[in-house]
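Naming follows writing order (A, B and C), and every chain is counted from residue 1.
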Amino acid sequence: MANFKPISQLLEEYQDGYSLEQEFYKNPDIYQKEIENIFLHHWLFAGHTSQIPKTGDYFLCEFDKESIIVIRTKDGSVKAHLNVCRHRGSHICLEKQGTAKSLTCPYHAWTYNLNGDLIAARNMADDFDPLSNGLHSANVEMVGGLIFVSLAKDPPSLKGMQDDLKDVFDVFGFDNMKLAKHTHYPIQANWKLVVENYQECYHCAPSHKDFAKVHAMAQSLERFDAQKEAFIKNSDGYVRTKVSPFYFDQAKDGEEGYQYDRNPLLTGRKSGSKGGKPVAPLLGKLKVYEEASSEFMVGPITFFLIYDDHMLAYRFLPETHETSHCDLYWFVRDDAVEGKDYDLEELTWLWQVTILDDEKIIENNQKGVDSRYYTPGRLSEWESFPQHFLNFYLNSLKK
Amino acid sequence: MANFKPISQLLEEYQDGYSLEQEFYKNPDIYQKEIENIFLHHWLFAGHTSQIPKTGDYFLCEFDKESIIVIRTKDGSVKAHLNVCRHRGSHICLEKQGTAKSLTCPYHAWTYNLNGDLIAARNMADDFDPLSNGLHSANVEMVGGLIFVSLAKDPPSLKGMQDDLKDVFDVFGFDNMKLAKHTHYPIQANWKLVVENYQECYHCAPSHKDFAKVHAMAQSLERFDAQKEAFIKNSDGYVRTKVSPFYFDQAKDGEEGYQYDRNPLLTGRKSGSKGGKPVAPLLGKLKVYEEASSEFMVGPITFFLIYDDHMLAYRFLPETHETSHCDLYWFVRDDAVEGKDYDLEELTWLWQVTILDDEKIIENNQKGVDSRYYTPGRLSEWESFPQHFLNFYLNSLKK
Amino acid sequence: MANFKPISQLLEEYQDGYSLEQEFYKNPDIYQKEIENIFLHHWLFAGHTSQIPKTGDYFLCEFDKESIIVIRTKDGSVKAHLNVCRHRGSHICLEKQGTAKSLTCPYHAWTYNLNGDLIAARNMADDFDPLSNGLHSANVEMVGGLIFVSLAKDPPSLKGMQDDLKDVFDVFGFDNMKLAKHTHYPIQANWKLVVENYQECYHCAPSHKDFAKVHAMAQSLERFDAQKEAFIKNSDGYVRTKVSPFYFDQAKDGEEGYQYDRNPLLTGRKSGSKGGKPVAPLLGKLKVYEEASSEFMVGPITFFLIYDDHMLAYRFLPETHETSHCDLYWFVRDDAVEGKDYDLEELTWLWQVTILDDEKIIENNQKGVDSRYYTPGRLSEWESFPQHFLNFYLNSLKK
């Protein structure tokens, strides 16, 4: 267990076009570096404003040993505080979500206002300074109603992305969505195996029968490329088809990586659902089903898939170097009424089926990667996105 | 995980008046040192003579990887043996308590008498010496019927404490109690967070509503101090009120730390029970309910709380560096009859409620202490006892 | 946890005639060396041809982080492949046993034929060489229908054993058995404690009452030796009684260790069953119940016990350095019909009872070995086989 190679050697030995060496998935020191250089630096999707409509509403965003309180303050803004009392360190919010008048530690009742300032602590010596004992805080940025947090002192900028994708957020109504459903899946595998899985559709046809009945992408690479070319040619441009390829390793200096792309569904398929049938009112300013879906990615662990009538978010977070969790979020337009305009089961069916398949796939991948006989394998031409992710990942370890 | 600071540096960096740095709760090497310097050295409360009335009766006292058999021998004395066969190391007693004619290893039937001497081992070579293959033993000392064990070669002396508190043991009838109930609680936290929790009542008002309805101590520090002053002034001295402050770090050279103190309950409260009503016959030589309770502490992990009609013991032991267990014991006078003189549920209600609250509190404390954003926090004026404990603890690591 | 002695020092300090020091059971680096020098080198019993009668039938043989597919190929031979896809490392076979037309990875559908050659991988670059991307394979050797695998480049030879024991395999009909039952037991103990347990009958009388009603071996060493001498003297030699003592440390250079021995049962006992009554048709060429059983051992972790009417196999494998698993296999002659010629419950009763006892014994042994107060203990004269095993084991660590 102890004889891991130096990280620098592992980085040097990595061969482009291949999967990672086993130690990247097993070495706890590498895991610590990942947390510091990736998860404590980049922007993480935390949740949505519709989860915290009123003052004091909060939810937690948790990974590894960290817990962040994302809360609606009195002035209506969203703040993020570390869920760690400045006294003896207790968690302050014990429920995954709730409503609080103030943030009062359940242990000794040290009390912070919603902005995180310490406003009450009994029996402290005269030289105790409440001002320097507020909750540690995280940066918050909004993308429409989507809430992103970063624990970095100096996080990468999101401005380039916000400017570039203004029309996208506008046409899909990012300011006018609500969370319809949120599900959570623990996965017995290193987080990178989970991200790698989402990054490619090389596995879609063998693994995801239901997905393959809707998404053109699951066909052969050649057929998909042809179909996409035709789709873009025929597009009236109402919804942007132009790719924003600042994917992971392709981010501009000082900016967060992001990506936008639009892909056709199979002919006649209108949404990401059983048989591709519509499952909710059209999003934003859309007027017709274009039989397509858009991909939007920002930061290293969150992927948004925008169908014409709902948006899905996939979020991956590490728990230990051997375990992860995956959260799925379904968004619909904020004036849609459950039971009338959409049925939750219909809305969420396809991706609940898909994630359960992926969970098994990823855990079996981990089992094999654990073997002494695992060696990095050659990636296919269909795995260019995992390669981008690996490039980004390996660069992150160099810092 | 691997990059812990040297212990000497941690000790040097500790700042008086603050909680401990995270590494004290996480570094497995520190945990090993704690076991050696604290748990294998000091006196641990193991149980009570009323648990082993007859020859061969035994119970186990277990912490970390150790298991100690506490047993009544033929001459009526109490001995303590390591539960490790001298042959190939099997545990000998497999049940937490029982009765044995001899200590026969269930594996190969090596047999020890109740004193721990090897009296039978089949098929051993002629040069095998049974005399040098007796069970390893632990020191035993009695405080009334309370059994303490120490694994030290040269354990700290209990004599000063025994002499000092003779009148206390006498008035409460320490020689004439019996165990009424014993409960066991696993806690997902480092043992120090558990001990720290017991050491202060800063958390009582916010956390323990039922406790606060009985104990004056749960009010504000100022009100309690005033009430205590009045209580001591009015005391007729029948039960000692004089403090014995040889608490942890204040122990005399070569002696075990101990403490005695007497505190008022809230007016009209007679015992540690729902509403403070009496729950058992008065202990020892007590003649009236004094509406008070005495604290008695000896060794690093056991706290006795003596109400006028029953005594409670709280014992904390480590299981791993991340998990602990807590045992609660309720004692009544030995001639009290269950169902007639006391009702078990009434007797045990208050502290069963309280420990369950504390279990949650402590586990949430651990979660926050695990965060990278936890930093040692300033202690309040109400946390002087935890400070004594921390002083003792840090000194123990220096050895 | 971190301060383990160097292995060389531990090896030097080992004292003949004693059990091992604690660190041999606890140090993860020693465990890694054990896996490499023992489990990846020697022959491991994997299963039986009757489990995979048809082309494509397979079962898995798993230990530590390794999974081996043992499969019947098209030409009827048995092959063994590592269960690790050469692409991104996924396990290929997910069920413990099954039937496959080809070995298709469930992740991205890379497809291998039953011989392990890569025969399909979509979208690979032109310079990708399928020939060098076949499944890693393990060596396979057959002993009658028993399948052994070795992951060594140059495994020890089994030829000496095959030649020597030809008459044994012949008389018991090793070519004409079938698996009647297979059971699996996880054990919370280091694998060596499990093997040591099987190696001696010093514990049989205290621990295994039902076994002791059948096997003469469970009596005193002196009585057994006398009874065995008489048994051998009276034997007509139809079943070999001559010992093959190439046990563990006594293996010839370059050969796998093995052993054969024949021992009397208690008078009137015909088989390893309740009361010693027959439970299946006589094996191979046997014509009468000889009231005896033969021991056959080959490789470090598998023990065969051959009664006149059935054969039992005991296999021990490590899972982590703290956990193991034990598999039991019962074999009968291949033309015996379940329900008519044998009753599964009767057949398997004795050793199911025995293994459950041993499971407890071994786990209690581990608990005591975990104590700081465990020290290597003197072995009895009845523990010569564990001593052979320890010699072999310690020599293996020297490599």
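In this text, contacts are C-beta pairs under 8 Å (C-beta built on N, C-alpha and C of every residue); 3 or more make two chains touch, one makes a residue touch a chain.
Predicted model only: the values in this text are computed from it and were never measured.
Taking the definition of touch as given, a chain qualifies here only if it contacts chain A and chain B alike; those chains are C. Superposition of chain B on chain C using C-alpha atoms only gives a rotation of 120 degrees, nearest 5. As for how the two copies chain A and chain C face one another, under half of their interface residue numbers coincide. With centres set at the average Cα position, the gap from chain A to chain C is 48 Å.
Chain contacts: chain A has no residue touching two or more partner chains.
Residues of chain B that touch chain C in their complex: 28-29, 32, 40, 65-67, 82-92, 94, 104, 106-109, 121-125, 128, 133, 136.
By the touch criterion stated above, chain A contacts chain C in their complex at residues 1-3, 17, 19, 196, 202-203, 205-207, 220-221, 360-361, 364-365, 367-375, 377-382.
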